[in-house]
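Multiple structures follow.
What follows is a pair of complexes built around subunit A, which joins subunit B in one and subunit C in the other.
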Partner chain A sequence: MVHRGKSLKQLSYALLYLSPSLLIFIVFIFFPMAKTFYLSLYLTNPHGDPVVWKGIQSYVVLLSSEMFRKSLWSSLLFVFFTVPGTILVALALALLANVRLRGIAIFRMLYSSTIGVSVASAATIWMFLYAPGNNGMFNYLLGLIGLPKVGWLVTTQTALPALSLMSIWMGLGFNFIILLGGLQSLPEDIFESARIDGAGWWRQLRHITVPLLSPTLFFVLVVDTINAFQAFGQFNILTQGGPDNASNVIVYSIYREAFFNSRFGPASAQAVILFLIILTLTLIQFGVVERKVHYQ
Partner chain B sequence: MLFSKRISKRMFPKFLVALLVLGLLVAGCGTAANDTSKPSAAGPVTVTFWHSMGGQPAKTLTAMVEKFNGSHSDIQIKLVYQGSYDDAFNKLKASPDQGPDLFQVYDIGTRYMIDAGLAAPMQDFIDRDKFDMSPIEPHVINYYKVGDKLYSMPFNSSMPVLYYNKDLFKAAGLDPAKAPSTFAEVEADAKALTKKVGDKTVYGFSQAIYGWFFEQYMARDGALYANNGNGRDAAATEALVNSPAGVEILTWWKKLIDEGYATNLGRKTADTQNAFGAQQIAMTIDSSGILPNLTTAAAGKFEIGIAPLPRGNNEVNSGPIIGGGSLWILKNKPKAQQEAAWKVVKWFLEPAQVATWTVGTGYLPINKAAVDQEAYKDFIKKYPSYQAAIDQLHNTPENRITQGARIGVFTQARATIENAIEQVVLNKATAKAALDDAAKKITDSIKEYNQTMGVK
Partner chain C sequence: MKTGLMKKRFTRFVQYLLLTIGALGVVFPILYAIGLSLMSAGEASSYPPHMIPHHLKFTAFPAAMETAPLGRFMLNSFVVSLIVTVAQLITASLAAYAFAFLEFPLKKILFLLFLSTMMIPGESTIIPNYLTMRSLGWIDTFRGLTVPFMATAFGTFLLRQYFLTLPKELFDAARIDGCGRFRFLWSIVLPMARPALGTLGVYAFITTWNQYLWPLLMTNSTSMRTVQIGIGMLQFQDATTWNVVMAGVVIILLPSLLTIVLGQKQLVKGLTTGAVKG
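Moving on, here comes the complex of A and B:
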């Protein structure tokens, strides 16, 4: 009994110390989450008041809707297009920039510069690059080398790849900084002994750099995946989910349903499903991929 | 343990205070924003005016508001840009209590504003003051009239017109004084205008994938968009977009692209406008409101012609609908604010103000007397073809079709139609199948709207 009283007392102290952060979490994270789940069980009027009880019907309708499955598929494709691409290009740039040369700082700054560009300005710049007809920069360049023009954002085949290209460019800065930081913290003596043993550049990269860098690579993999699932700005500015829903990824579809169509119930249901997907993927990443990560 | 206990005992009251303060801050957020609009006994009444004008119209509006504020000591307008029509509308939906006194809402937000009970009906002010509405264009009033009542005051109004490049017409051997007036004529002229120069193609025609254009073609062809008289005799319960008129429009739209006389430039109207300005397309459809922009783009390069919106191949006496926005006085505001807002509305309707507005933006002069203003006379001298837009406004008969549909889910409906156009243009579905699907979706959302808003 004495022991129990003591632990209760400790718990209350713990809660007391945690209360500022708990309060913030409750107000900004837990309450909205609970409310989202609550709303997903209703049909709301356009002000967002729940008026018709639907139970799990919103989920049933969603999962059987072709448009929602298309959204899920577009999101997965977008993740698949952007995450490996961003990491590979950023890794290549980080390897290039990880040499001791006069003026290398200039290149490091250039390679990391996209971290300072907001998604809104980036999307606006790329809107001009992708402009259809003869007005866009990319189509102009294609014309110079005699290739046919591409309807970057206006055909179903090219819209999502075009958005992915822009998103890879956007993500390079952040990935580059993290990976370069990781590369620079690798112990030089291991490489030295590998070189004495006669390992070439590729062997060093394959068997020393990448394994030693794996905690950092794992970190960017998790962060990039979550970011890609939650990408919104470029979709809102460049395609608005079109054409024919080809780029209607799930986050954009949630926004559209909630704030454009004022259907907060079904939008909440989509949000809950997205949450479950990201949770599952993150658990898989921690359970499966992390085992391959080499911690020193 | 002893240490932490001592600290925590001393800290505890401070924690409580901190929590309390934080709580008050959070609670305070809800009411603090409204304080600025409270009337003070001494100073002038401030009318907060939310708008969604960008570019040239925003500059014109700001200059007009400065003029108003400079000439009125009892009322001051506080102009607040709230992003696009949709953004502004969503902000008001999310928290109606924090809204403005005067609010610019787009045409298609009318039904929701009324159903949500957000409006202090304009008609009450008009009737009480016996305000003379006869100088105001009837076609504009009829769009915003619900029953016999005006809930808002028309402000920025436009109609779709055909823009064409007179120089390219001459080069192709066409008469630049005679613009095409039917779908078949557009096709024939587009064929003559389409030219391959080197590896670049000049297309005869192109139009942005914009749901508003579809609505306008429907009205021009004498077809209803929704049942129950476009939702004006009783609340609409069904979308009629898959009628033969709708199918004819999309079939024609796709045919022009398939034949290579038009190209798909996507949803952004700005992309199509740029292509027209760069002479990559010879004809296009757009709002009468973009004439100043197009003229700037064409300056020194070519001459612009304006003609009424082309109709389908069956002769019908009908015309396009008004687009744009109107001004709403909000119901939940203090009397003093509403009265001040009403004075602002009346001021914007004066011929001098309407003329300034038209000259600065290209929106239609909604007060008939505005055309006698010097500013407008200079404007029409500079852009004589603008008269085609005015004639179209006057020639359109008044009925349920040309009044336009009144449904609460118009943003959704428009996006659904844009998706259908994309499906057709990109060969994903036939015109009939895409529109059947769109009609079903819009009908579903109308039903859901009626159910959740308690609309009978």
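Moving on, here comes the complex of A and C:
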């Protein structure tokens, strides 16, 4: 009895400290997530009140809809274009900057600079770089080396890769910081003995650096994938899901269904699918981080 | 001996060359924006396009401020980011303190509950949150823009990890001295955790400053727009005023780039300890 009273007192004391955060989480994360599930089973009126029960049927309709499948496919393509590109370029930059040279701090700062660039400003700048006319910078540069003009954001085949290229650039700063941190934490003596054994630069990279860096690489892989699935601003500013729905990724599709068409029910069902994708990715990440801790 | 020195010099030259090419590639879009913002309207839309202005003109900046109330947008973004940052520092410190120093039942479950919020993407809760805000009449208010972000699982986790590295004896010593638990947090733990608080502060400020989707839904009136949304007002003006749009972009880029330059060390430290040490 005494014991239970004590632990109850402890709990209520701890809750004093936890309640501000808990309150926000309950009101703006847990309750809305439950409500998204709930709404996904209904058709709503324009005010967002559920009116027609659809149940699991709404998911059957969604998954068999041509439009949604295309969205899912576009999201996957976008992730597939963006994530490996970001990691490869950022890794190259991190390897370059992982040396002791005078002025290296300046290069490191420049390489991490895109972490401060918002999606709205990045998209605006790239809108001009991609401008279809003569004075679009990229088309001008292509012309200089004798290549034909590219439609970038205005043709169905190039819109998604163009959005990826811009997103790769945006992600460089964050990826660079994390990967450089990873490189700097690798033990120096392994490279020393490899050099004595006569291993060249490429063999050191392939057989020592990349395997040792794999936990960090895995971390950025998962974080980048989650971020790419959640990307929205560049789609809204540069293509509005077009041309011909070529870039109508899931998040953009949720936005359009909910806030233009006021179809809150089907939009919620898409939001649930997005949640399941992100949840899976996060669980994988936590699982691996957990294992990593055990190894150490 | 001499060839060794030559070889070393050559390697160094190649390293600097590659580093410079990499740097130019990364900052090219930013340089392009700055270049255009310093041109006249005529030069900005000339063919072939210029990267570097041939005649420096600062007219685009006042023009941008005139086309859209950028000052107002900046103020809104600043107020929103500041409120969210301060609120996150407070709520995360309190929660992290409980998780790091207090013993209580359900601690593990509550901690997992905190972490689980990181698995729920904002896009999946945005519809009910929007409907709530609309029914509360919080659209076009600072409350609507800030309150949902006043707590952070990531920040709580970051601070807890840092608090755990502080010597446990501090806690016992403070209690013997009759120091209350809240006073212990306020006058001993927080001053010692300044680096972690700095990381979280910089991170929270930049993330909020750069928010896009939520402010897009939450603001209808021009006077409540944040910079990220407001910048769109410049784009749909006359297509020949590229210099003006880029001046707007440069103006809104400055605060976050400055924060990065000033807070670089702390941000790097904070982000990498999370990623590298797991």
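Heads up, the rule we're going with is that the second predicted complex is superposed on the first by the 252 of 296 C-alpha atoms of A that agree within 3 Å, B and C clash if a C-alpha of one lies under 4 Å from a C-alpha of the other, contacts with A are read in each partner's own complex, and residues count from 1 in each chain.
Here is the rule we go by: contacts are C-beta pairs under 8 Å (C-beta built on N, C-alpha and C of every residue); 3 or more make two chains touch, one makes a residue touch a chain.
Keep in mind that what you see is a predicted model, and the values were worked out from it rather than measured.
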Requested in this report: Name the contact category of A:Y13: first (subunit B only), second (subunit C only), both, or neither.
Outcome: both
Query raised in the report: Which holds for A:L283: it touches subunit B only (first), subunit C only (second), both, or neither?
Result: second
Query raised in the report: Which partner does A:I115 reach: the first (subunit B), the second (subunit C), both, or neither?
Result: second
Requested in this report: Once the structures are superposed on A, label A:L76 by its partner contacts, choosing first (subunit B), second (subunit C), both or neither.
Outcome: neither
Query raised in the report: Of the partners subunit B and subunit C, which touch A:V272 in the superposed model: first, second, both, neither?
Result: second
Query - Touched partner set for A:G48, first subunit B, second subunit C, both or neither - result: both
Query raised in the report: Between subunit B (first) and subunit C (second), which, if any, makes contact with A:S262: first, second, both or neither?
Result: first
Query raised in the report: Which partner does A:L142 reach: the first (subunit B), the second (subunit C), both, or neither?
Result: neither
Query raised in the report: Hey, is it subunit B or subunit C that touches more of subunit A?
Result: C
Requested in this report: Would you check which partner chain A:N245 touches, where first means subunit B only, second means subunit C only, and both and neither mean what they say?
Outcome: first
Query raised in the report: Do any residues of subunit A touch both subunit B and subunit C, and if so, which are they?
Result: 13, 17, 20, 23, 47-48, 134-135, 259
Report summary line: Listed in rising order, the residues of subunit A that touch subunit C in the complex are 7-8, 10-11, 13-14, 17-18, 20-25, 28-33, 35-36, 39, 47-48, 92-93, 96-97, 99, 101, 104, 107, 109-122, 124-129, 134-137, 140, 169, 172, 174, 177-178, 180-182, 185, 215-216, 219-220, 226, 229-230, 232-233, 236-237, 251, 254-255, 258-259, 264, 267-268, 271-272, 274-275, 278-279, 282-283, 289, 292-293, 296
Query - Complex interface listing, subunit B residues touching subunit A - result: 4, 8, 12, 15, 18-19, 22, 26, 86, 90, 93-94, 96, 112, 116, 199-200, 209, 263-267, 271, 274-275, 278, 280, 408-409, 411-412, 415, 418-419, 422-423, 426, 428, 445, 448-449, 451-453
Report task. Note which residues of subunit C are touching subunit A in the complex, please. Result -> 12, 15-16, 18-19, 22-23, 26-27, 29-30, 32-33, 36, 45-49, 51, 90-92, 94-95, 97-98, 102-107, 110, 113-114, 117-132, 134, 147-148, 150-153, 156, 206, 209-210, 212-213, 216-217, 227-229, 231-232, 234-235, 242, 245-246, 248-249, 252-253, 256-257, 259-261, 264, 267-268, 271-272, 275-276, 278
Query raised in the report: Residues of subunit A touching subunit B in their complex?
Result: 13, 16-17, 19-20, 23, 27, 43-48, 51-52, 131-135, 143, 146, 151, 153-156, 240, 242-245, 256, 259-263
